[in-house]
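Next up, some structures in structure tokens.
Below are two complexes that have subunit A in common, paired first with subunit B and then with subunit C.
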Partner chain A sequence: MEESLIALETQKINAWFGKDQVLFEVSVRIPRQRVTAIMGPSGCGKTTFVRTLNGLHLMTPGARSSGTILLEGVDTSTMDVVDVRKHIGMVFQRPNPFPTMTVYENVLAGYRLTGQRLSREQADEIVEKTLTKVGLWGEVQEKLFKAGTSLSGGQQQRLCIARTIAMEPAVVLFDEPTSALDPKSTAIIEDLLSTLKADYTILFVTHGLQQAARISDYVAFFMMGELVEFGETKRVFVGPQDKRTEDYLSGKYG
Partner chain B sequence: MTRRTFKNNVMGLLVAASAGLLIAVLAVILWHIFISGIRYLNWDFFTKAPAPMGESGGGVFNAIVGTFLITFVAAAIGTPFGIFAGIYVSEHRGQRFADIVRLCADALQGVPSIVIGIFGYTFLVVRFRSYSALSASIALAFMFVPTTARVTEEVLNLVPSGLKEAAYALGARPSSVVWNVSIKTAASGITSGLMTSMARVAGETAPLLFTAFGSRYIEWNMLRPMSALPLQIYIYASSPYPALQQQAWSAAFVLVLLILLLQYGAKHLIARVLRVKA
Partner chain C sequence: MAQRSHSDRRELIREHAFSAAGLTAAIALVATIVLFFVQLFVTSRASRTAFGLSFLWRSEWNPVTEQFAALPMVVGTLATGFGALLISTPFALGIAIFLADYAGKKVAEPIKYLIGLLGGLPSVIFGLWGLFVLVPLVSKFEVWFGNLVGSEALVASGTTGVGLLAAILLLAIMILPFSSSLILESLLVVPAELKEGALALGATKWDTIQSIELPYVRKSTVGALVLSLGRALGETMAVTMVIGNGMKMPRTLFDPGNTLASAIANQFLEATSPLYVASLIELALILFVIAIIINIAARVILRRGVQQ
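What follows is the complex of A and B.
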């Protein structure tokens, strides 16, 4: 793949929780404006891997990591962690809008929490634009000043996506964002990805094979903390090169 | 009846009786205070200072003013320290110094209030050569801080870690996460903790004996001796005059009412917090 098509690159990422090593020498090049599925059995290190990308794994006491992460060619360890997180947004497993904020305030939460002031017009524009992008504008237009937590689970998750992309990140990490949602809400969010990837580079953690096949352009298959295989989704699913990938695809491990 | 069902019934009865006793004790106390106290309540009681010695009538307005002033100033002094300490312990969970702070808060809660009173006397009253309401407030603040710190820590620990992670993932700095996410989410819990702490110190008598001392006059100056409801109750109840003893009951009624209102308010707020969570 050409250098200019790479948004994010990791070189030999290792991570530990206390004495347990959970990631081993993970090197991968994530293509720009594509959906890359991070796939693998439970406990294989998928979530830890994406959390090392924005430094969120360090929230766990005793966590540490080594290796290099290049965001658009720039080593993130030379950047302020706040800037890294502005460029690499994240959507979590469970919808987690701020319960003390309205729908409107939730969309702008990133600006508020980082102390960036917006004029009334700017704020209104960002809210309408981002909620439209996640397909929520029509549904919540009348509820903008109600609590974010008053929306349905699927709507809350889209609100969290809106909150993340309102900051205009380059990369968005999705950590199993549909695992707490019903099938219909899941489908809405999956559809959303195909439009979001026009603007953002997406990493999508999932343990569902079908989901990975449906949504992703590329897939990274993890096992026991190692990156086993990376490639175009079609190619990996049709002709896996590693025996372990093949076994996983044929249902040999959970 | 088999042996097993017999044992079961006996235990059931014991548990129910103990629970009933708890209610009965509170009911007897409240009823007695209500009956004895309400008889002598009148407008003068709430609005006038004690009548001069030998005259009848008068009220405890001086003590009501004192209780409010001393309690609110104690809360004003203690609130920031208590909340900051609570934030510290919650944010540094599992770290050695935080554990020590928590241990000290628990120990300070266990110090008998009479000891806090003597402490206030030695370090404030003696040093400034005067009994004063302010020294009473400071002594009560020593009791206010540990309870507030513990409650603050506990409600902050209840803030879902997912919310903090979401804030960090948006690029927020730790101080911003504490103020804009943790404190805001836990605000009503912290408020009810403050009210419970206030209710607790409002009824304290021992620290006031050595510090506020008491006064027969309506006093607004925190640097002078001041009365408070518990003090007034103590003085009136131990006096030989029936009229004063009756006023002690009425003052007790007012004090209990005040504390119950604070505690009811706190419970109400806690219930609201729990509803938000669910």
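What follows is the complex of A and C.
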């Protein structure tokens, strides 16, 4: 791949919780405006990996990490962590809209939290544009000033996606965002990814093989904290190069 | 089959017996509260018939002429209670936020323990400390303040230091362990996923506290503060030791005053005439009603806080 096509690159990422090392020398180059699935069995370090990318890993008491992360070629350790998080957004496993805010306020939460002032028109425009992007505008137009938590689970998760992309990040991390949702809401969010990738580089953590196959252009397969294999999704699924990937795909590990 | 239905029946009887016992205990508890009220109401009859409702808003308290009224004590109670709440609230919030979000476990745990210890200290110890440490400081401040505003009366009275201000400061310290640990408890249950959600959007820790955590605990914090107020209003021993026990209507914060509780504690033994006793009991009745109102208010706020 050419350099200009790489949005995010990690070099030898290690991560620890206390004395336990959970990531080992992870080096990977994430292509721009593609969906990259981060895949692997439970406890393989895939969530920890994405949490090191935006510095959330270090919020856990006793957690450490080492290695270099290049965002558009810039070493993120030279940036303020707050700026890193503005460029690398994140959607969590369980929908977590802010319960004290309305739907409208939730979309703009990033602006409010970081103290950026918006005019009424700008705010209205961002809310409508972003909610339209996640396919929620029609559904919640009448509920804009109700609590964000009053929406259904699937709608809440799309609200959280809206909240994240409202900040116009370059990269969006999805940490198993559909694992708490019903199949229909899951399908809606999976469909959404194919339109979102036109604007954003997406990392999508999942433990579901089928889901990875459906949604991703590239897969990174993790096991026991190591990056075992990385490549185009079709290539990895059809002809895995590592024995461990092959075993996982054929269902030998949970 | 018969065997089984026999043991079923025994089980049933046991269950009935247990629930009856529980019900009795619960009724006894409610009855105690009601009887308290009835008792206070009945034994304060002499005072109620002599002074009627004007007991509440007149301010003369004179055992010699047998004129009694509660206003100075009601004012003293509310002024010290709300004053203490006003002063201690910023500190309580600061302590709770620090322990919840800034101090690591190694720092927070021992401090939490100390706060609990402070909250369990007998109030007479606070009273002694207030008398020997706080009152002299208040007295110095009063003289300084009197000179500042050019009031000779303040400078002269500043030699004592006892009064409403000393009581307010002492109460502020006494309710601090209570209010800060209640606020801390509610901060600790703010879901981690909400904090992470805010951080992931580029918020700083302080942004997160301000815009996510504090709004989330707003109602339970108000509930905690109202409960603390209830404590302050009912505190007797320590207040009695530093408030000066003046039965006149206080005009400034430096004046000696009295609260409902401290007036009762101070004068009950010397009350000889039936009307004097009844008047003190009516003070207790007023305090009882204030305490119940405050507690109900706190419960209502707290319950709404949970439903959020």
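The rule is simple: the second predicted complex is superposed on the first by the 254 of 254 C-alpha atoms of A that agree within 3 Å, B and C clash if a C-alpha of one lies under 4 Å from a C-alpha of the other, contacts with A are read in each partner's own complex, and residues count from 1 in each chain.
As a convention for this text, contacts are C-beta pairs under 8 Å (C-beta built on N, C-alpha and C of every residue); 3 or more make two chains touch, one makes a residue touch a chain.
No experiment lies behind these values; they were computed from the predicted model shown.
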item: First (subunit B), second (subunit C), both or neither touched by A:D83; value: both
item: First, second, both or neither for A:L56, with subunit B first and subunit C second; value: both
item: Touching partner for A:W137 - first (subunit B), second (subunit C), both, neither; value: neither
item: Contacts of A:F237 with subunit B and subunit C, given as first, second, both or neither; value: neither
item: Contacts of A:F17 with subunit B and subunit C, given as first, second, both or neither; value: neither
item: Contacts on subunit A seen with subunit B and repeated with subunit C across the two complexes; value: 54, 56, 59, 61, 82-83, 85-86, 89-90, 92, 94, 96, 98-100, 109-110, 112-115, 160, 163-164, 167
item: Partner subunit B, residues of subunit A touching it in the complex; value: 54, 56, 59, 61, 82-83, 85-86, 89-90, 92, 94, 96, 98-100, 109-110, 112-115, 160, 163-164, 167
item: Residues of subunit A defined as touching subunit C within the complex; value: 54, 56, 59, 61, 82-83, 85-86, 89-90, 92, 94, 96, 98-100, 109-110, 112-115, 160, 163-164, 167
item: Touch list for subunit C against partner subunit A, complex; value: 104-105, 191, 193-194, 196-204, 207-208, 211-212, 215-216, 218, 308
item: In the complex with subunit A, residue positions of subunit B that touch it; value: 94, 160-173, 176-177, 180-181, 184-185, 187, 276
